[in-house]
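You will see two complexes here that share chain A, one where it goes with chain B and one where it goes with chain C.
Up next is the complex of A and B:
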């Protein structure tokens, strides 16, 4: 198992905080964790891809195949759940 | 030179350097050449070694793509198409799908990626091709146009509407209901095998659907096209290098008014413009590829910027090169004549100049407003 910071345990709080900060930096507005980012028009196609790339590099993940679906990226809460699940799978 | 792409670049040089003019005039790439480059992993060089690829980084594959771009725009288009197909599989496919398709793509099979439709070019939301899951099958129905490599392809990676969103399916070109019609007289990249493809209720096992899932169309297209944009951009940088070399050699050797052309200030201005175009394209490409390799979320915007800088630079630069060479470069098959025609197409594909500008304006507002 790798010992990089990417593989140290992360908590839901930490993932959520990272994502909220990333979204705020990119959209220049505070975002509620349960806001539907796509329905709200906050996230463009380009930004959606950036979000995927950010999640992968910030948390040392690969999000591919069946995990790459809208519902997993719709809200900060959904993305947090995805990160925690994928890290658990990767560690296991 | 011991760059990781050196061997692949040398192979491409050996196959294409003396033959590319003839390929352009004939409008055809020899299958044997495509097969040889395919089985050696050169056509989609970022595929990892465990799937038969060379496992190059985006930066290294970019330099390889630029090198092929210096030799032949049609062959470089094949690299873009095959690489984009491989990336779609890698990104969207399951482990099993990756193993099957990536091994095929590094084993000699050729792939085209089908986005555009008769009524949906820049406005891909108007796409009408449908993917419908029926039991354990998926049915593909629709018409695609200008599929690069379409005429040579064994596999067609098709984007279509799926369950109110969009999906991506891998269709064998010989499946019943697939009809490939070659574009007979493309303006540029004449040997790249552009084709229109009809899918008449093509039934495939449901496993042909990558990841078995649907994504918003824009997100899917952006994901797949980002690879294509970076690849086209590097190819344009390569075209500019050829134009620069041809122009610099010509103006140094050719004399007018008792002096070398290069002694004329107006000629020097042209040369400076070409040099600026090549350097800016290369720098923008290198940045986009570094974003790719480092997982930098600025990737999407950096890819569009690189594509736009490189394509507009190549179109203008190739016109300059033809101007500088005069009658010496004004014949089909000549490297600058090919670049002139090929570069114009690069301002249209993988996001036209105008679409790129809309994306870049959005970035500008996000950053600076």
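Up next is the complex of A and C:
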């Protein structure tokens, strides 16, 4: 179900930096990459949909099927891994 | 009769979300609305809400979503096993639409009203077979909140109640069965609370933030009454208050000036971005 359309190479550092900037802008707080965003109360679980939409537009992805799971959006590290995996699958 | 095909009347916030709940559980849904703009948006809207529900882990993972068919023709409800009315909370509009449904629906189909506050027995006066009508008051959004109020009207039959219970089971919802009357349980209490909370803000006794903080912080409610009002939609709140006021004569339900002003200004809450709070 998940696909990518943008084939520009992307690094883990770039994804992480993008997500940290996005979260800081939205929450007005600096975020640790391993912070559980939902359990910490920083954002509600409903905010996960905004993270999905942001990742899709920032990295040319469509996230669907089994990838559409809250655990994949719990930390910046987890989201970074998801983006890299989806892009790798599409490139490979 | 466990509800193989649903028809939802009204593609507003609740109608669209109820259609999402049904499609997400594999049931084909016909969505009827008279507004072409809403009909055009409804499929994409439901796709987006299905994604949200899936992300929250609230949908069965082994089910292919049911097909969604938007239409402006009420005659399309003839194919449905269950018809769920979810149009604007105006008694005269609901009466008219339910009468039209009655004329085309197949014998034995279950009729459901998602009314917030209009007594089921009053709505039953508009249908050919009053026994087949029950009330289901879905929460918003219905695919994230499992519990619903299932309202048994005085004329609702055992067969209709069994069909409604089977439908809710199929949709993974948990009914709280209650009797009939203006506002049933939730809105009889909640709408009065919202109105009183708005009056408190109007009188300058507390800000909307303070009212809600008292309920969430002191009483442990998940959301305060004014945040809840914004989620429901202040236009719907005023409509429901009028329904309650007209039927009970209780001044506690007469919509206060601040609520009326917000609605007149188009500040309906979450759906317009501004209500008691900014969204």
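Criterion: the second predicted complex is superposed on the first by the 84 of 92 C-alpha atoms of A that agree within 3 Å, B and C clash if a C-alpha of one lies under 4 Å from a C-alpha of the other, contacts with A are read in each partner's own complex, and residues count from 1 in each chain.
FYI, a contact is a pair of C-beta atoms (placed from the backbone, for glycine too) under 8 Å apart; a residue touches a chain by one contact, two chains touch by 3 or more.
Just so it is clear, the structure is predicted and the values come from calculations on it, not from any experiment.
When both complexes are superposed on chain A, chain B and chain C occupy overlapping space and clash. When both complexes are overlaid on chain A, the residue A:68 reaches chain B and chain C alike.
Comparing chain B with chain C, more residues of chain A are touched by B. Of the two partner chains, chain B is the only one touched by A:38; chain C is not. Looking at the shared chain after the overlay, A:56 reaches chain B, while chain C stays out of its contact range. Of the two partner chains, chain B and chain C are each touched by A:48.
Contacts of A:30 after superposition on the shared chain: neither chain B nor chain C is touched. The residues of chain A shared by its contacts with chain B and with chain C are 45-46, 48-49, 52, 64, 66, 68-70.
Chain contact summary for the complex, chain B toward chain A: residues 90-95, 97, 165, 210-216, 218-219, 221-223, 226, 294-301, 304, 359, 362, 366. Against chain B, in their complex, chain A makes its touches with residues 22, 26, 28, 38, 44-54, 56-57, 64-66, 68-70. Of all residues in chain A, only 45-46, 48-49, 52, 64, 66, 68-70, 73 touch chain C in the complex they form.
By the touch rule above, chain C contacts chain A in their complex via residues 51-52, 54-57, 61.
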